[in-house]
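Across the two complexes that follow, chain A remains constant while its partner is chain B and subsequently chain C.
Entry: the complex of A and B
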């Protein structure tokens, strides 16, 4: 009962902070709200019995990716968008919001109404880091390998783009 | 019901104990640092307040509390006020998982000598400590001053470069202890501390926590002689005090983590476990102060080069070698 209550509380926090992150005019505030939303998500993972995923969520997203976002925002010195008048007619600015909200509401209702698992409440099991490791490197070993390949391709690509012209010319002359 | 109540009381008692001890240690580390630095530079250090200057921390607190809490005109008020708290709180939060002694028996229950013994303790430390940078960054940004902003950007890029090696230098420790729990990691060092088994990881970890604590030779976010005070240029009174104390709490916390990961935690002959733990923590803190007295500040590009071109490959190689050795020994 308490767990269900906390779950809905965290869910509400995640939704509200994400919405606030979208509508903030100041990018630094947007990042802060996103970090809060990530924290709420991590706690939800913890509640669902996955402490390792919760910890990784905080380390990777809040601790690394959001820090990088903040770094870029500060380096580029993006000034807050002050009440900029858009040239689009009034109805065009709010119709997408209403549509998305409608879709979200319908989907939530359908999920609550049709999903038989929803009635059981939060499952009471607990995945230790060991369980997580076994699942990741036995059952999903192929997926892990494919993703690691992709990451190394991306690293090589980033290296190529990052090469300055002079160094690239020198490397081509050498080869 | 009585059981739950007992657990709650126990946790509160441990929290109060740790809070008190860590704050006390942080306050007196400031004094110890000033004294030791003074002696190393052929000065006396503070010796006016109380016998041998022992009341100096109290005088400092009174001074900071009674000073004006200044808010720059164009500062982002809310973030400016919150930022010092983030630094101090994240430093204190890490201590929740640090085990400072073996499990004890109270009223027939075994109790770990840490606030909680998480099975993802190492990751908890990495997660919370990666939050600490937000205090530095948001404080500097909210001040709306060029020096502060420069300090923040430096703090950010320093953190991005060193966080990775910090995490990777702990992987061999986890591999050798076969657990993420700090208690298990200390238990795995009952005979030989990991400092002797894997000195490379220990060295990388030491450099990374030096960078993490924003101290010389990695104090670029503050850099008094080029950025005035870096990210805390605009702060005054107790808010500056929170940044300051946060740094020293961080010192105690990182010292205890060094002890837990590499120096064998509370294990040691003759003396009681908690005393051994305290001695080791103070030795690491002493080393930090000594380093501050000896080394100059690194230049910015040197710092980045060291992080990305030396520490990262070394810690990655170290993981490979440790894994190979563990496999070879059939452990």
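Entry: the complex of A and C
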């Protein structure tokens, strides 16, 4: 009963902080609100029986990815003047949002109506990090290798994008 | 029983729509990337809920792989943001219209 109450509380916190994140003018505040939303989601993951994924959500998302966002925002020195220069979104840009929201709402209602297991409750269960690691490095060993390849490709790609720009700037200075 | 699965699906749908509206409406490139992050989080929530519903660990592993893919995507995307900012001194997506989309 307490877990149910905490789930709804955390869900409300996640929704409110996400809504606050997307209406901010300043990207720094948006990132801070998104970190709060990620913390609420991590606690929901813990309630749903994924303690290791909850810890990784805090460490990887809030600790690494969001700090990367903050790092780039601070590095770019986006002044309030350049933020004000961007035109306000017109009413026309909201129409696809409304359409997609309608489609997703209908899809979710259909999923709930058609799926017999959707109405049954999520049982109280939790996966130990031991179960998680065993499945990860046995059944999903190939996926782990592919993902590690992809991470190194991303590192090389990010380095390449940064390096070409720097090299071009140096050539312009020389000429 | 913690909570009905349908309530979790509704929560994930609401989060996904919030992220999608952020992607479509905002003009700031970094806020668009934040919208993508919100959508990926909503998908991860459904994976964790499905893992708990069927009591299988596979959904949780999918979330772990999703996190790794997100880290790679954010690294590339933020490098591109820095690149575009050096070109135009701005990250307003309305300014990048040379392709006449």
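What we mean here is this: the second predicted complex is superposed on the first by the 115 of 175 C-alpha atoms of A that agree within 3 Å, B and C clash if a C-alpha of one lies under 4 Å from a C-alpha of the other, contacts with A are read in each partner's own complex, and residues count from 1 in each chain.
The definition used in the following text is that a residue touches a chain if its C-beta (ideal position, glycine included) is under 8 Å from a C-beta of that chain, and two chains touch if they have at least 3 such contacts.
Remember, predicted model here, so these are calculated numbers, not experimental data.
Colleague: Report for A:129: first if it touches chain B alone, second if chain C alone, otherwise both or neither.
Modeller: first
Colleague: Report for A:64: first if it touches chain B alone, second if chain C alone, otherwise both or neither.
Modeller: Both chain B and chain C are touched by A:64.
Colleague: So in the superposed three-chain picture, is A:52 touching just chain B, just chain C, both, or none of them (first/second/both/neither)?
Modeller: Both partners, chain B and chain C.
Colleague: Scan A:75 for contacts with chain B and chain C and give back first, second, both or neither.
Modeller: It touches chain B and chain C both.
Colleague: I want to verify the contact counts: of chain B and chain C, which reaches more residues of chain A?
Modeller: More residues of chain A are touched by C.
Colleague: Touching A:35, do we find chain B (first), chain C (second), both, or neither?
Modeller: first
Colleague: So, does A:20 touch the first partner chain B, the second partner chain C, both, or neither?
Modeller: So A:20 meets neither chain B nor chain C here.
Colleague: Intersection of chain A residues contacting chain B with those contacting chain C?
Modeller: Common to the two interfaces on chain A: residues 52, 56, 64, 68, 75.
Colleague: Residue numbers of chain A touching chain C in their complex, please.
Modeller: Residues 3-4, 7-8, 11, 14-15, 18-19, 21-22, 24, 27, 30-31, 34, 37-38, 41, 44-45, 47-50, 52-53, 56-57, 60-61, 64-65, 68-69, 72-73, 75-76, 78, 82-83, 85-87, 89, 93-94, 96-97, 100-101, 104-105, 108, 111-112, 117-125, 127, 131-132, 135-136, 139-140, 143, 147, 150-151, 153-155, 157-158, 161-162, 165, 169 of chain A touch chain C in their complex.
Colleague: Taking the touch rule as given, give the residues of chain B at its contact with chain A in the complex, in rising order.
Modeller: 79, 118-120, 123-124, 126-128, 130-131, 133-134, 137-138, 141, 149, 152-153, 156-157, 159-160, 163, 167, 180
Colleague: List the residues on chain C that touch chain A in their complex, please.
Modeller: Touch list, chain C to chain A: 1-11, 13-22, 24-28, 30-31, 33-35, 37-38, 41, 44-45, 48-49, 51-53, 55, 57-58, 60-61, 63-65, 67-76, 78-83, 85-86, 89-92, 94.
Colleague: For chain A, which residues are in contact with chain B within the complex?
Modeller: 28, 32, 35, 51-52, 54-56, 58-59, 62-64, 67-68, 70-71, 74-75, 128-129
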